[in-house]
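As written, the chain order gives the labels A, B and C, with residue 1 at the start of each chain.
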Amino acid sequence: MEDSLVVDDTNPRTLLHSGDPLSPWMIVWTAFRNHKGALVGAGVFTVIVLAVLVGPFVYTVDPQHLDITQKNLGVSFQHPLGTDNLGRDMLAQVLSGGLIALSVGFTAMVLSLVVGTAIGVLAGYFRYFDGPLMRLTDLFLALPLLPLLLVIIMLFRDTLRAAFGPEAGIFMLIVFVIGITSWMQTARIVRGETLAIKEREFVRAAQSVGTPQLSIVIRHILPNILSPIMVSATLGIANAIITESTLSFLGLGFPPDFPTWGRLLYDGANFITITPARVIWPGLAISLTVLSVNFMGDALRDAIDPRVRTQ
Amino acid sequence: MKSPLTRFGWVAVASTVLVVAGCGPSEGTGSDGSAQQEGDKTLKILYWQAPSTLNPYLSGGTKDIDAASLVLEPLAQYNERAEMLPLLAEEIPTLKNGGIAEDLRSITWKLKPGIEFSDGTPLTAEHVEFTGNYCLNPQMGCNSAASFEHVEGFEVGEDSLTITVKFSEPKGFPYGPFVGSTAPILNKYQFENCTGLRAQECSEQNFAPIGTGPFTVANFRAKDVITYRRNENFRHEGKPFFDRVIFKGGGEAASAARAVLETGEFDYAWNLQIEPEILAQMERAGKGRVRAGFGSQVERLIVNLTNDDPALKDERSLYKGGENAHPFLSDHSVRKALSIAIDRNVLVEAGYGLAGKPSCNLIPAPSYYASEANESCKVQQIDEANRILDEAGWLMGEDGVRVKNGVRLSILYQTSTNSVRQGTQALIKQMWQRIGVETELRNVDGAVFFGSDPASPDTFQKCFADIQMYTNNFVGTDPGAYVAGWTCKEIPGPDNQWVGTNDSRACDPEYDAKVPIMQQEANREERIRLAKELNDYVVQDYWEIPLIHRATTSAIANSVQGPTVNPWDAELWNIADWIRTE
Amino acid sequence: MEQFFVNEPLNFIEEVTGLQIGDSSSRLRVRSWDTRSPVVDLIVERLPQTLWVVGLSYVVGIFVALPIGILSAYKQYSWFDQIGTFVSMVGFSVPTFFTGLVAIIFFSVMLSWLPSIYDTTHEVTGLGSFWVQMKQIAMPVLVLAFYNAAQLSRFMRSSMLENLNLDYVRTARAKGLRERAVIFLHILRNSLIPVVTMIALGVPTIFSGAIITEQIFRVNGLGQLLIIAIQGADIPLVQTLTFLFAILIVLFNLIADLLYAALDPRIKFT
């Protein structure tokens, strides 16, 4: 029992004690490199990103090309992942769907993290803001998501479509909608953590020597609440990808000929017993992405966490 | 009725046995003998849309009308071969038997004597008259108003069993009122205080109407499930063969099909618009069968003839005489090219299988009404379409999209959310690509698209798209009211709260003039000729582009005999004859 | 306003308890535009199945997630942790419409153990019918609990990890406290703070239901009611439901804040 609590030698602290003049980011990188899960995660993630970015140039089959004579095929040389019920090539669809799913996932996650963290820290650190900001959070939590989504999409879809074209317009809309409806949990958790950390001695000490409020927040509060933010981030990506598929399910997402992983999974679900490949690959792609991001997040947290570093 | 205690004792013993047995066997084998018997006497029906009322006059939804048809009956109904059969009436009135007046301005029905409602009140012509006036009351917003068009009034005969319906003008087809499941007979005593504005508020009555049908409502949960009990007062001795019917709603089509065909939990599932290979695969499980019935349903493209540019704001898709015309769809040659570039056989193969046939008509059935003038559309003609467009001055641009005077052939094509429809959309997009037309696809949830909420921009009546696709059909076997749907006054707009059936916003006085001629024609041959003419008018001017003659597809458990998929009336029209065999 | 704050709550209480309060027949009732029946009736009709399915899945989710989270943090990077992480990530990254379908195909179609359609009219009258009820809620509860547990166990784990290396833990060990006491009295209590917030904040979602799961298994609870109300533009119904949810959210926010203070003595409310 006790053994497991002894910190293993891959911990960055040992490196620090060796006296090397490492920059903070080098320490982070070293710690990250020593984390096995993180390496696997980063590897898988790189493969996915590369496949999604470069794949379409190597595998040049048009994901939207229909050929009804080639429908519901299994694995073959011509169609490495088979085809769907309209004869579209699955590999090409998974590749092109990945690009959209990843960009939606990341942009929406970043948006919701930035908003959530900013509001959470402000509310937790400055008592002055706490009341109004938390009421705002409650307001957003109380707003049922679906009506909000429906209204936002109905109101802005045509304007954005006219301004940026159908695809870019709907992309911005979906990212915005997902981001704006998923920051509340992060905000509440960040606020809770900030409340607790604010009372800690080192913050009090920093305040007493007259450190500006902004740098207290940046130097002392933020690094200490990084771990819940990281967890929120990894969950946020998955959440965004899934919310996007739910939007498609409700007919509010991307146009139907615009494959995303969530949409491919939804469309393929009924064909699970006929062409299982249609659900396995998109499902696997989503899971692997989320999993690898999560491992990287874990490692990053361990690496950045100042409590581990300064011990 | 067992006392709660004995019942408790019974199930306790039964479940102890179960627990000892150690695993979770399926419900059927796990229950004791009496429950097994009860299962035989219960019929379970699954609709993937849930009924919201049992008063068909308050709802236009098939789900509500079908659910009500177990309880309420009309004077006559249609069978699966589109023949009219008397139900509460002695016989079908005709010109020959004197039921229809020579001037075509009235029709007289005779009720069968001795029929009682489920609460024991005898059925008389007063109830029929009450029902008619109930729907005619302008304050109530009757959904079956189309059946009662041109009705002037009713006259009850002295014997209380005859009722005469009077029309304001000659009716070529007077079988609208009280025929078919959209216009059944209500109980006067029950609904007396529910007329006009009060109609909507009588939930107790609307949720459990008293009728003459084979079943009575035992429990109604709006938007969820209805439990029916056998009507002990039903006029046929021994019928119905089931003691209880459970009518469950909600979910979606594929899982509904699965519950009948694969798990066998339900006996009947309705309207399964699913890809043919999935249905075939489920059918192979051997628990049930899939049946299709071809009625008048046609999946079609609606061509918006008005400009739907979002920049127009309030004038978007608004018909304003000849102004506000669509930038390119107002060109007949573009519409024609779009139609002949479609390979309808491919659409059938991908999305319909045996449940669909290519169609070039908007009135495809009954067969004697189907026009033969448009058959050429069944063959795809890409070259011809390209030639037409070239000739009309639409020249291929560098990006593969045709342009004329700076207008690109770029189409926004919307339909409801349904995997078959999205497949069709994708296929048509590719076909149109070959003639230099760019297509953007959009799908809207069915509940919104068909929801007719005047505030929503996504309803099919608003038609904020260049092309939209859905299925339409006519009630019963006569297209008289249906052809009136393409007249000028049916164009949806803010003046009529966006209610109207002419979504393509075509307005042609010549067409409008022909409609009443057809409606007042009583001679069968001449009527058919006129109906075909009107069909050809719409089809050949490409206001709507017919794609597929669709069947109603339902799944039926193998142990149930009797259901015939009836596309001409309520699907459950003959439920009194359904029986469990084995 | 009076309608929502006075009349409707009274209607609600009457429907639930069957009592007559005051002049109930002349009291105004909000009616759904679609079904034309009082909104409160619809909600009360659907409350039981939502509570059964979504509520139970939440409870199951918590009971599964907490031990997994604690153990995988305590034994960070062990096999248990890796597998736990993997499973919870799969649980989180696969949408419920997919897990639900897989469960139906496996348990209903292939094994025919469990019904795929929820019978809302089923009444529990004894052990036998309780067993039937258990069978019919098994799959939706399983699917939802999987999803909830995946999310919660991640938070539990990360929160535990936070505290494992803190000074007070070392102090506690140095005092010679037993490991068990250190874990449960010190670490767990402190790491539960954010988790309890998560749990308390999630409670209102029980009432708003799980739209997709309810649709797949045809539970027809409040979530399904809300979505059909939105789609059908049934404004009175949407208003009443959202008002109900808003009250619940405010209530549970308050509870979360109070729990914060109770669990963490450093937080003071002035």
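By our rule, a residue touches a chain if its C-beta (ideal position, glycine included) is under 8 Å from a C-beta of that chain, and two chains touch if they have at least 3 such contacts.
Please read these numbers as outputs of a predicted model, since none were measured by experiment.
Visitor: Between B-C and A-B, name the chain pair that shares the greater number of C-beta pairs in contact.
Guide: So, comparing the two chain pairs, more contacts are at B-C.
Visitor: Where the centre means the average of the CA atoms, what chain is farthest from chain B?
Guide: Measuring from the centre of chain B, the most distant chain centre belongs to A.
Visitor: If you average the CA atoms of chain A and of chain C, how far apart do the two points sit, in angstrom?
Guide: 23
Visitor: Hey, how far is the Cα centre of chain B from the one of chain C, in Å?
Guide: Chain centres of chain B and chain C, defined by C-alpha means, are spaced 39 Å apart.
Visitor: Let me have the rounded angstrom distance from the C-alpha centre of chain A over to the C-alpha centre of chain B, please.
Guide: Between these chains, centre-to-centre, one finds 45 Å.
Visitor: Listing for chain B: what residues touch at least two other chains?
Guide: 445, 448, 456
Visitor: Send over the residues of chain C in touch with two or more other chains.
Guide: 101
Visitor: Multi-chain contacts only, two chains or more: what residues does chain A have there?
Guide: In chain A, residues 270, 273 touch at least two other chains, as defined above.
Visitor: Mind listing the chain A positions that touch chain B in their complex?
Guide: Spelled out, the residues of chain A in touch with chain B are 64-66, 68, 71-72, 85-86, 88, 154, 158-159, 161-162, 166, 250-252, 255-257, 267, 270-271, 273-274.
Visitor: Provide the residue numbers of chain B that touch chain A in the complex, in ascending order.
Guide: Interface residues on chain B, with respect to chain A: 254, 274-275, 277-278, 281, 310-311, 346, 349-350, 416-417, 419, 422-423, 425-427, 429-430, 440-445, 448, 456-458, 464.
Visitor: For chain B, which residues are in contact with chain C within the complex?
Guide: 4, 7-8, 10-12, 14-16, 18, 23-27, 46, 50, 52-53, 58, 200-201, 203, 206-207, 219, 221-225, 227, 246, 248-252, 255, 258-259, 262-266, 285, 445, 447-448, 451, 453, 455-456
Visitor: Applying the document's contact rule, which stretches of chain C touch chain B when the two form their complex?
Guide: Residue list for chain C touching chain B: 31-32, 34-38, 41-42, 45-46, 101, 104, 108-109, 112-117, 119-121, 125-132, 135, 215-216, 218, 220, 224-225, 228, 231-233.
Visitor: Per the contact definition, I'd like the list of chain C residues that touch chain A in the complex.
Guide: Interface residues on chain C, with respect to chain A: 74-75, 77-78, 82, 85-86, 89-90, 92-95, 97-98, 101-102, 105, 151, 154-155, 158-159, 161-162, 164-166, 179, 193-194, 197-198, 201, 204, 208, 211-212, 226-227, 230, 238, 241-242, 245-246, 249-250, 253, 256, 260, 264, 266-267.
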